[in-house]
Every structure is written in structure tokens, then in C-alpha cells.
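Input: a single structure, listed below in C-alpha cells.
Chain IDs A, B, C, D, E, F, G and H follow the sequence of writing; residue 1 opens each chain.
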Amino acid sequence: IRKGVPEVVYAGAKTPEQVAKICAALVEPGRRVIVSAASGEHEAALRAALPDTPVRRSGRALVAGSGEPEPTGARIGAICAGTSDIPVLEEAVAVAREMGAETRSFYDVGVAGLHRLEQPLQELRSFDPDCLIVAAGMEGALPTVVSALVDVPVIGLPTSAGYGLGGDGSAAILGMLQTCSPGLAVVNVDNGVGAGATAALIANRATRRARCGPS
Amino acid sequence: IRKGVPEVVYAGAKTPEQVAKICAALVEPGRRVIVSAASGEHEAALRAALPDTPVRRSGRALVAGSGEPEPTGARIGAICAGTSDIPVLEEAVAVAREMGAETRSFYDVGVAGLHRLEQPLQELRSFDPDCLIVAAGMEGALPTVVSALVDVPVIGLPTSAGYGLGGDGSAAILGMLQTCSPGLAVVNVDNGVGAGATAALIANRATRRARCGPS
Amino acid sequence: IRKGVPEVVYAGAKTPEQVAKICAALVEPGRRVIVSAASGEHEAALRAALPDTPVRRSGRALVAGSGEPEPTGARIGAICAGTSDIPVLEEAVAVAREMGAETRSFYDVGVAGLHRLEQPLQELRSFDPDCLIVAAGMEGALPTVVSALVDVPVIGLPTSAGYGLGGDGSAAILGMLQTCSPGLAVVNVDNGVGAGATAALIANRATRRARCGPS
Amino acid sequence: IRKGVPEVVYAGAKTPEQVAKICAALVEPGRRVIVSAASGEHEAALRAALPDTPVRRSGRALVAGSGEPEPTGARIGAICAGTSDIPVLEEAVAVAREMGAETRSFYDVGVAGLHRLEQPLQELRSFDPDCLIVAAGMEGALPTVVSALVDVPVIGLPTSAGYGLGGDGSAAILGMLQTCSPGLAVVNVDNGVGAGATAALIANRATRRARCGPS
Amino acid sequence: IRKGVPEVVYAGAKTPEQVAKICAALVEPGRRVIVSAASGEHEAALRAALPDTPVRRSGRALVAGSGEPEPTGARIGAICAGTSDIPVLEEAVAVAREMGAETRSFYDVGVAGLHRLEQPLQELRSFDPDCLIVAAGMEGALPTVVSALVDVPVIGLPTSAGYGLGGDGSAAILGMLQTCSPGLAVVNVDNGVGAGATAALIANRATRRARCGPS
Amino acid sequence: IRKGVPEVVYAGAKTPEQVAKICAALVEPGRRVIVSAASGEHEAALRAALPDTPVRRSGRALVAGSGEPEPTGARIGAICAGTSDIPVLEEAVAVAREMGAETRSFYDVGVAGLHRLEQPLQELRSFDPDCLIVAAGMEGALPTVVSALVDVPVIGLPTSAGYGLGGDGSAAILGMLQTCSPGLAVVNVDNGVGAGATAALIANRATRRARCGPS
Amino acid sequence: IRKGVPEVVYAGAKTPEQVAKICAALVEPGRRVIVSAASGEHEAALRAALPDTPVRRSGRALVAGSGEPEPTGARIGAICAGTSDIPVLEEAVAVAREMGAETRSFYDVGVAGLHRLEQPLQELRSFDPDCLIVAAGMEGALPTVVSALVDVPVIGLPTSAGYGLGGDGSAAILGMLQTCSPGLAVVNVDNGVGAGATAALIANRATRRARCGPS
Amino acid sequence: IRKGVPEVVYAGAKTPEQVAKICAALVEPGRRVIVSAASGEHEAALRAALPDTPVRRSGRALVAGSGEPEPTGARIGAICAGTSDIPVLEEAVAVAREMGAETRSFYDVGVAGLHRLEQPLQELRSFDPDCLIVAAGMEGALPTVVSALVDVPVIGLPTSAGYGLGGDGSAAILGMLQTCSPGLAVVNVDNGVGAGATAALIANRATRRARCGPS
């Protein structure tokens, strides 16, 4: 089956050389590969190995290859609270865009300052997204709060930004799993790829039905 | 905002009397309340307290109240492997139907007998769902396997059907969170309400865009 | 030293008979004993053993004994989201009142409906409390949200109202410990006694300094 | 609302360059920023980026910026047992001082040598603090012991000084949460910022009431 | 080898009938069997099955059989803080006495009231024990505090008297394992048999060397 | 007893020098030593210390020494899904070969692409193995799926290839322990040595009985 | 494929009525069904529902149905230490026998009395089994000790017989996974069915090769 | 009180400079300080800072200072299985010797080769120790096995030598806590100081009574 999920190389447990070699084998004209959890060393090795291939960073992901994804009309909103969450959120955004979605990101939205939610929510309402990705570390409450204020599905993306007991992202993911706002589903800690792919499948399904007309 | 999520009373930590009293306060003509994690005692107390109100069981949930939800055109497939998963899956189905979705359920689909997947998957393809809910206990691998074979988003619903180490549903939920098939998002163990509500939000969004035409 | 913390009998691991016997030994005219985590059986045994002693229920606590605590002028606000949290919150309130504090309780305040916060917060501002106790189960985010909106210290009181992974109160307590709103300190799951005693020590200190005048 | 909590940059998961850049954006004449969990590299980068800004170390925190906090009259005692606890305790102290509190620290006070408690407790009694911060690693019993000997609220600050099972601070925090001395509330492991901010809110509330006179 | 550890039947996971049957097979004139973790039902079944055999309760243990252990001259002190710890401590005492030790018990000794330690410690010094057993639940700090004040080895006996996170005895055992007072070794939660046997081996070794004279 | 398990040096917690020294003491003509969990540094030190000894790498193991194992006729299939699993699987293979087994490896077989299972399974059927080793990280479902499709015992070998919650191999091992396909037994995370030795004992037993004829 | 694993109904989470109904649907002349984790209530309901069907108890399993399994020539030894382990071990034995294996059981073999191992091991050597199942609770060391003394594969079967920290079988399973005796593989806590099925697959494979002659 | 426990500096969380400075302050003629968990860098810094002070390594501990402890006549046996356990065991030995005990160590004694126990046990019997320290990693079964074969108390010293699930010493410590051989008490993972001090207190008590004669 063709789901449109792009080829993803998880760099987390691989050396820069391994990543460069795998990408060299995968990249072909007009198609792109995503390298997730890519460090600066991964990026350098990739650029050195593929000097003629465009490489673009999006958070902790790299998008390597030429061309652009075909737009599907899908729309996804992306929200997080702190600077620490941005790299993971933008990894999700990179995957969603590769799957044809248009995205809009908001970064400074936190539960310890709820007034900062108003402006982004208003902008999101006029953007009219099919789905939201909400990333949060610490106590991971932001997706619950947002989910209660919107009428589209929310993908909770817990991040490992935290400290002390539960600070490896386990407090955040448990908080999202315990949500008191039905309509929120979750991916694993720092799993930007999963969040982006799920959100794009949701949004692409919506546009597919829209193209076919109501049934 | 109006999301269409029905009123849900979580019976898990409440006495039959408490549940009956809360429902009595909530039920009104033409509207329904869902009682989740409802035991036989909860059901009996509810029927005794509201003798004129229709009460229907759907897995471990009860749907109390008259009337029927307005169909939205949304379509949701529901799959599980073992008999132990059915009550939780049907709780999810009850919520999704209250939100206007049409659902189709398949019960005997397991990873230790993959041939049993073929027939349901074929039926599901012609049903053309907007989203799938896949419930699994034990090692929780079924949602991953299914997700790899379909092009719509999958909500993984881990159940507490298991034994020994990890048998309280933690092996199942960890397995789903570790999925190697992007496009799968997860709710908490036995959280049928969350799975049903998220799936319905996904599917209702799709039909909403379909009604508006492509944009 | 005299801290004013009342005598507390933890009924959790004791039989009704043991509780009744211990209270009979402790109660004396004009002084009261608090029985925490008291079931209906504990209450019945206590009333039977001490037929002439006033026994008052406050959430899952009992206050046994005659007389009233001396008011200190301390003021404490008490907030929770769900009906499941009320018994634990009111145990905290009972302890705080025995230590001389005036209290005000608000019960229907949740993160999945932030507008419900406005009215209680406004009432609290005119009450002008020295300290807040905020109880929450599930993802335990309410104390963080409240703490960001007030300028007094907040005691987070996690409750064991939850489901699935982390549903025994561990998600709630981890969420409070990971708070992104400095000014929130925490007691153990369902520890109403600890929350009430700490809040009252905070508020009583404030009134003590007020009585002495600025130094 | 104005709580007086200073701007805090958590350096734990940030590079020296990121920290220096964020501080450069935040610092302005007469205002200070606190960098928590700051390594020597963080400090060097900060000093290099802001050569004209005073930078003072307080335990594992840095205080960057000119001027002094306005004294509020609040008084806070700070106690720990071992040298390993001092950096975390002094981070708490830095935050409390920035919020206007006067502080007094005692370092060599342990449960395995209770006689060493006498002298500090006597000094503390004449200092007459509004609140105590007690830091401890290992079994984390010191806050319980201290709390039983004073009549003001105690903030328990568990540290990650330990070894073997539970040695990452989880034994210490569990011990404090299980305290048998009501009047002790807890922040997360190594969370000096939270301890300092909560203690200062407690003490500042007391002085605020004192200034207004008894009500 | 002959260690003198009595026959122990662990009743925890056995029915009253099983316990009675096993004891009937083991008991013989002049020898005794210890039934650990024995409920009232276990006791009743045992007395019914062995009407002519003396059965004595010691905390949550039963000692069934006639005769008395041979005194060895060993001396063991036994200390705990709360009423909840007594049944486990007295199980340890029963085992130690069956191994020939003389014991002395103190029950109301807690870290949240250190002055209550003075009297028992003074009595213990004149008793001159070879070893101490110190039982504690909650934060389990008592063995550490005691160990710092005596010059004999201490066996820490954590009990499952606690609440909330860590309240099943895990906070207590972690606290004892993290002790900052060298000279304290630990047995498992509620393992009175292990504590009593180890203490008696320690004390019996001392008396054995004493009988042989210095070498 | 002679089980044929080769001498294994676990390099995980040893320095390159320690490993080289131990191997130098163990290696003798015609016999081989296996170094498990060997890094490049371990390999370099070993080659430098034993310049005349053949050293062969097999995944994360090294085989040091001359000669070849005696073939027993045993046959073992080895399967894994991702590149990250190969080093651990090949460590198992090295041990099995040293015990006289013939092995066949398949690397690109995953649960999120079940069609990729067909070709290897067909090849395996004609190879006719006595036992399979199936390595998997992430959700660890592959051994369950394979076990359901073969009639020989399967050794599940969980690997630490994963991310987020459960990503250290604990999701994988829990999933294998929760298998719904009886006939699967498990070794610890990344324990290639245990998997290889168990598989070879199984297969060697089969050939031993075959050599003796049916009994 | 035909593996010979019998139909198993896991009674653990089912009511007596559910179990009886499922068995009634499965049983047919000459074939048997195994009910695992069957209580006395399950047994009574089954006998009542199927009065003409032979029902035999084997530990905590029931074997329901007429006829006998076809002997395959496979031989399996079964060992445990305490009475608490016997029900789980005999469940494994029931499964292995249904798969055609001959079994021999030894019950009183413990690591705290190693001399008791001698007699059983000698008997086992003359029985010449293809595989051993070794069940143990508590610290779970018995399989390791046995595995070091035999040259056939060992299936470790951890049981939930234990107390305090790790007493739910997690200490036992961790101990087996950490074994220092290669050649031991493990199934989940109390998973007699898995142990029996794996052991029988191992032994049946051996006899199958024996029947075909050496290849 | 004077217990004879030497001054111990825990180097684990301290820099070489900190350790050298603390030792310089503590060391005085004829007295020694123990540095536990000391790396090579700690040792170098110490030797550089105190060029005239004798420094002796004993496993992962250093003994710094002149003179020798006064022999008390106490005798302690020390046993471990693997090379990885030796550094921790010898840290315990260093502490025990500083407290005046004579010690005897045995290193190659494992549960997967029980015959290797015979020789050491025989030597130990003629040494006639007052107490044993038994260190073990992995499944931690050695102390249980040894304890069953001797009539003196055993201190179990779990080490962090392990792999995979439970490999940080938690399997080892849980196994020792679950021991089926009463007479075994435990210290924390890698806590050589605690094991040595407890063993010496036990043995010194025995000699003290011996010196006083039987009472």
C-alpha cells in the first residue's frame, strides 16, 4: 500500500558514517529522505558524502534530496511551549510537509501563562487545520488544555525536556495519557516522526474525502 | 466549543448509587449519557433509578437515554484479537456512534495467526473507513501490523488483558508506543472513551471537509 | 514545640475496632481527634464506641470531639476539579480548620474547561487567602495552571483518581513535581492531612507576623 | 499577575551559546536573570557574551545583571547535610534572595549525628524565619527530622546525591513524600528554583500581611 | 549444618487448611514451628487441627508446639515507631527467641519526636544487646537514626505501613539502603523472619565466641 | 559436565587492556575464546596483544583463536528486522557456530512489512532448522509473528534498539514475554551469548538423539 | 502449520460461566482442551456444563476431553523447589504431555539446600530428557544452578511466590534473565503454558530428527 | 559514641580536586581516611596533594594515611564470584580491616559451578569467621547459596555487574532480598563501605563479648 510516509532514517543509534551511507543508497532525483534525531556530526557527514544533494534542517531532522512534495490540501497546526520542544516539533512538521500537508507553527504557548494561548488559537481558527500536533515536556499538560479548546483531533507529542523524577519525558507522556479531554492521542517521547506521520494521515484522509465529495 | 463528545460518567471509582444519581441529573429527553467501565451492579442501579429511560450495554459501557445520534457520514473500523478486548473496544464504538459515526467491528484477528487478518481487511477496504481503532492486550502488536497494511490513521487501544510481568497493559501500551509503523497514535490502557472520541473527531473532520468541498 | 497540628489517626491500615479504641483513649473534653482515610465502617465503630462524642465527617476524614478550634485569622483556599477529588480535599480542609484557619472550597474547576476557573479565582481574590490547596487526579495539571494565576504559595495535592498507566496518582504527582510554574510544592498522593497541615502552617505564620506587626 | 519570581533560564539542556544568547536578550539595567543548573562552561560563555554585566555564582546557579532586589522583610532558613547538597541549596537561596528574602544557611546538619542539629536550630530560632528549606540526598530524612522540631512550614528539597538503588534522588524524594511529620511539602529532585520560589512566596505573604496589619 | 533457624511455614500464600496440614506434619513433642504472616483464619484452622498443641501468637506470627528454646545468652533489642510496625517486629522477635535469644522490645520511638528515643536507648544500653532490629515504615529513617547512636550492628526491617507513592514499603526500604550511617543492613519489606534469624545468628555467634573465650 | 559452551569474556564492563590480558591467558592452540560486547578499542587491544592469533568479528562479538569448531549437524535459523539488531544477532550466531551448529541469517524481516517474511520463511523451510533465534527491538513483535508460522522452538532475543518510553529494550522484552504464541522463550536484552548458547543446546540435543537413533 | 500445541483457554480473566461455554464449544470426541489458571469455581462450572466429558486437574490447569495424546518419544524433566511452585509447574507438564511428551517431576529441590539436588539429578540423568523445565519463585536461582549441571536446554519458569519488594515474581524473572549460566531461556511469570509448549517443541524436534535418522 | 567506623570520603560525585582537599583536611599522623569509589584520577590527585602520606589501593577504595589499625581479634570472610565484583568486595575489606578485623578473601566462587565452592568453604571453616560478606552481581544468588551452608550471619553485597533488564544491580539486590535462606541481610548496590562496616561491627561485638567472658 502507498501511505505517503517518506523514507525515514533514525540517526539516534547510528554513526555519522552509517547515516551518510544509508542516505546515499536511498536518495534519488526528485525524492527525499528524512534523517531523524540528526546531530551536527550527522549533518556534516551527510553533506560531505552527498555534496550535490540539497540538505535542509528542520528541528532535529534533516530533509535530504531534491524536489518538493506534492501538496494535498491537508492543513496541520503545530504548537509547543518552550524552546526545548521546538526541535522535536519541527521534526514532526518536516514529516507532515513531506506527506503534502501545509503546516503552521506556534512556539511560545504555555500552561503557565494561558493568555499566551489566545493569539495562536485565533490564528489557528482562521487557518482551519484538520488536526493539531501539540508538543510539551515537563508536566505535558498543554495538549490537554488545547484539546479542550478545539474541535479537531490532537496528537500529543511528549518531549524529554524535564528534570528530576519523571524528567525524561515520562511525566509528560503519563500526563497526556491521563488526559481529561477526550480527543487526544499520543505518540512516544520525542517521536516527532510518528506525530507528523499520524497527523498527515489524518489530514490527508480529510482532503481525500473532500476531493471525492460527500458520500 | 462544540466537539460532539457525549457526556461520559466514569463508573470505575464510583458506587452504583453515585452513578445512578449523576445520570439522573444528566439525562434529558433525546440526549444520551455514556457510563464507562460499568459493572453489572452499576447497570442494575441505573435501571432501577431510571425505569423509563432506555439503557443499552455496549461492551463495558452503558448508553442511557432516548433518541439516536445524528449520522455524520463518518466511518470507523474497529478491530481486536481476543474476547478479553471486546468490552473495551465496544466502549470505544459506543462513543464513536454517539458522535455520529458508522462503525464496523471485527473480533478474531490476531498476530499469532496473520491469515485471519485477510478477510477483515478486505471487508474494511470496501467499507472505506476514515480511521481504525485497533485494540490489543498481551504484547499489543496488532495495531502495528494493521497500521502497516492500511492508509488511514490508526488509534491503538491497549487493554489490560495479559499475564505476569507487563500483564496489566503496560507491555501492550509500550509496544504500541514503540511501533515501527508511523501512523499509529495511542490512548491509555482500557481507555475506550478516548479511543472512540479521537477516532470520531478524525472521521467527523473528514466528512466536514467533504461536505464543504475541496478547498 | 507546639505547632498546632491536631492529633491524627490514620485509619487506612487499621480495623474499625482499632480506630475506635485509639480514639477513645485520645479524646478529651474540648479537644478533637482527626481520623483520616475513614470508611463508613470506621465511622460506625467510632460512633458506637463514643456515643456522647460529636463526630463530624469532612470528606474521607472524621473529626471527633467537642468544642471548636481557636480562629487564628489564617485564610486558605481549596480547589479541585472532579467529584473524585472532593473527599481528599475536604480531609485537608478539616485539618486546616482544626489548626484555626478559615477555608473556602471550590469543586468544579478543571483544566479541560478553563473558563470555569474565572469565577472561583475572582471569589478567591476577594477572600484574599494566604495559601491555596489544589487537588487533582488524572494528569494533575490544575495546580500548575492555578499557581500561574495567583501570587500566593500553592500546595499541590495529587489524588489517585485516574485510569490505566499512571492512574494510581503517579501521573498526577509527577506532573505536579514537573511543574513549569515555580511556587508550587507537593505532598504525597491522597495525603490530605499533609496538605492541610502545611497550608495551615503557612497561613498561621502569616497571621503571627501580622499580629506582631512588621519587623 | 506579579509574583516576583525572577526570570529563570534552565541551562540543564542548553548549550553555553544558547544560554548566553537568551540571557543577552533578557538582561536589562537594574534587573537580573537567574541561570539554573549552570556549568562552568555556561558561566564562561555568559561572561564572555556579557562582559559588562555582573555575574555572581550561587551554588549551581548564576545571577546575571546589575542592581539588588528590594528587601521585603521575609526571612528564610536553609539547611543541608552534606557538601553535595550545597550547590542545589544555594540555587534555592539565590532565587529566594532575588525575591527579596533575607536568608541564613547551615551546611553540616545530618540525621546520622543529631547533636549537630542543636546549634543551627538555636541560631534559627533567634533568626525567626518564616519558612525553612531543607535539602537532603541519600535517604532524605533530614527535612522530616527538622520539621518535627520547628513550628514553621518546611520545603523539602531532595537532591540526587546517593548511590545504588534509589540513588538518583528517588529514595530521597519518596522519603520526604512519606514523611511522618505533617507540615512538610516537597519539590522535585534538585529543583532549587522551585524550592526557593515557594519559600519566598510563603515568606513574602507573611510580610505582606504584617505590613497590612492583622485583619 | 545446624544454624538453629526454626522451621518456618510462610502462610502468606497458603489457605488455612494447607497451613494446618503442613504444621500437623512438622510438629513433634518438644519442638516448635513458626507460622509467619498468619491471619486469624490461619490461627483458627491450626488450633482446630492441633487441639493439644500449644499455639502462641507473636505479632503476625504463630509459634506452635510445646517446650521452650534453649537460652544461648544472646541479647537482641527490638525497636519500632508505630503500631503498624509491631506485628512485623514481633514476628522477628518470635524467630529470635526460638533461636535462644533474650529480647527486649520498644514500640513508640519515632523520628518525628526524637526525644522519645532517649529513654529506650538508655534502657538498651544497660541491657547491652549484641544487635538491634529496628522496624520502620513510611520514610524508614528510624534505623539510620538509631544506628548512628549505638555501637552494635543494626538490622533494618522495613514495613509496608505507608501511603501514596512508595507507601507499599518501597520508600522505607530504599531509605534504609541509602542510609548515611554505615553499620546498617536490611531485609525485605515485612520480612520479620529474615530479620529475626539474622539478628539471632549475629548474637549467637557473639555468645559462642564468649563461651570459647577470646582467641 | 561438558556442554560445549565456549569460553566467553564479557567486554561490556572491562577496559581494552583487561580484555586483552584475560584472552591472552585463555587462548591456546586450536581453541577459541569469544569476546562479547566488544568495541573497536577492545578489538584493537586484542589484536595488538595477540598478533599471531586469528581474530574474527561477528557482530558485536570477536572470535579469537585458531582452528574451527567440530560440526555437529545442528541447524539454526537467525532472523532480525533492522540494521540495529544485526550486531546482537551475529553475536548469537558466533556462539552457536562455536558450538558446532550450521547457521543461516536473514536481516530485513519486519512486522511493519509482513510480505518481507515470505521469502526468508520459504528458504528456512528448506534449510529445516532445529530452532530459530529471532532478534527484535522496538515493540519486539517479530518473534511472536514468526513463532506462529513455524513448528520449531523460537528463542526471542530482544535488543535495545528503540526510543522514548521502553526504548532501552524493556518494551521489546515485555512484548516477547507477553507473547500470544506458545513456543517462544526469551533471553535478556542484547544477550546474544545466551540466545546462541540456548539455541545450540536445543539443536545439538536434536542431532544427538538423531545420531543415537530413535529410542 | 501444525505445531501440536493444544487449544488453551486462559481462565485468569474469565468467569466460570465464560470458561464453561468456551470449552463446550471447543471439546470434541478424542480431543482435549486445556484450561489454564483455573480456580475451583472454574472447575465446578466446567464439570457441571460437561457432565460426560472427563476433566482432569494438573496443577492450576484442567485437561478436559476424552482420549490420550499420541506419544512422540519426547522426554521432559520438570523441577521446582517449593509447594507454591507445583501448580504452575504441573500446568506446564499438562501442556507438554498433551503434545506427546513423557514427563518426570521433582518437587523438593532448592538452592538453600543444594544436597537435595543430587538425587533428582541422578534420576534425571538416567531418564535422559531432551529438555528441562525449572520453576522457581523468590530469588529464582534454581534454574541457573540446574542449568550449570546439565547439558540440555533449560526453560526457566518464574513463579509469583515471593514477598516484599520483587515478590510478585519480578525478582525471580530478573534473576533468570541475568543468569550466569548460558543455556537458559525464560517465559513470563506463572506462564506454565508457555514453558510446557516450548519444552515440548524442543523435545519433539529432537525425536523428529531421531526418527528421520542423522542428516 | 565510638563505633570505630573510619572516616569515609565518597568520591563518586566529587572531582579529584575536591577529594584531595577534603582528605588533606582530614588526614593526621597515625590516622587513616578511606576514599570510596575512587577512580585513577582521584588517586593521582590525592598522591599529588599529599606526597608524604602513604596511599594504598584496595579495590575501588583508597586508604590514605600512616599507621595500622589496632587488631580486635574479629575475623571476616569475603567471597565473590566474578572479577567485576572484586573492586567492590575489596572496598568492603578495606573498611573492615580499618575497624580491626582480620579478613580472608575468595574470588572465583560462582553459582554456575558449585563445585568451586567446596575448597573456599573448607578453608573458611578452619578460619572460623564471625561473619561473611558475599558479593555478587547478575542474579545475585551466591549469598543465598553460601548462607545455606554456613552458621554465621552473611552480609549480601550486590554489585552492578550485569546486563540488560535488571543489569544495574537491581536484579542482584532483589534476589538477595527474596532469599529463601534466613540469616542474610543486605546493603545497597556497590555499597562496599556499608558491607564492611556492618560486618566489622558484627565481628567486633563478638570479640568484645569474648573478651568480657560469657555473661
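Going forward, a contact is a pair of C-beta atoms (placed from the backbone, for glycine too) under 8 Å apart; a residue touches a chain by one contact, two chains touch by 3 or more.
Everything numeric in this text was worked out from a predicted model, so none of it was measured.
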So which of F-G, C-D or B-G is the twin of B-C, meaning more than half of its contact pairs are the same residue numbers? B-G
Between chain C and chain F, tell me the centre distance in angstrom, where each centre is the average of that chain's C-alpha atoms. 57
Using CA atom averages as chain centres, what separation in Å is found between chain A and chain F? 37
In whole angstrom, the CA-centroid distance of chain A from chain H equals 52
Where in chain B do residues touch two or more other chains at once? 149, 163-167, 170, 173, 177-179, 188, 191
Per the touch rule above, enumerate the chain pairs that touch, sorted by label. A-B, A-C, A-D, A-F, B-C, B-F, B-G, C-D, C-E, D-E, D-H, E-G, E-H, F-G, F-H, G-H
Help me check something: in the complex, which residues belonging to chain H touch chain G? 81-82, 110-114, 138-141, 144-145, 147-149, 162-167, 170-172, 174-181
Where on chain G is chain F touching in the complex? 1-5, 8, 73, 95, 130-131, 149-153, 155, 173, 177-179, 182-188, 191, 193-198, 201-202, 205-215
Quick one: in the complex, what on chain G touches chain B? 10, 12-14, 18, 22, 37, 158, 160, 169-170, 173, 188-191
Given the complex with chain C, which residues does chain E contribute to the contact? 83-84, 161, 163-167
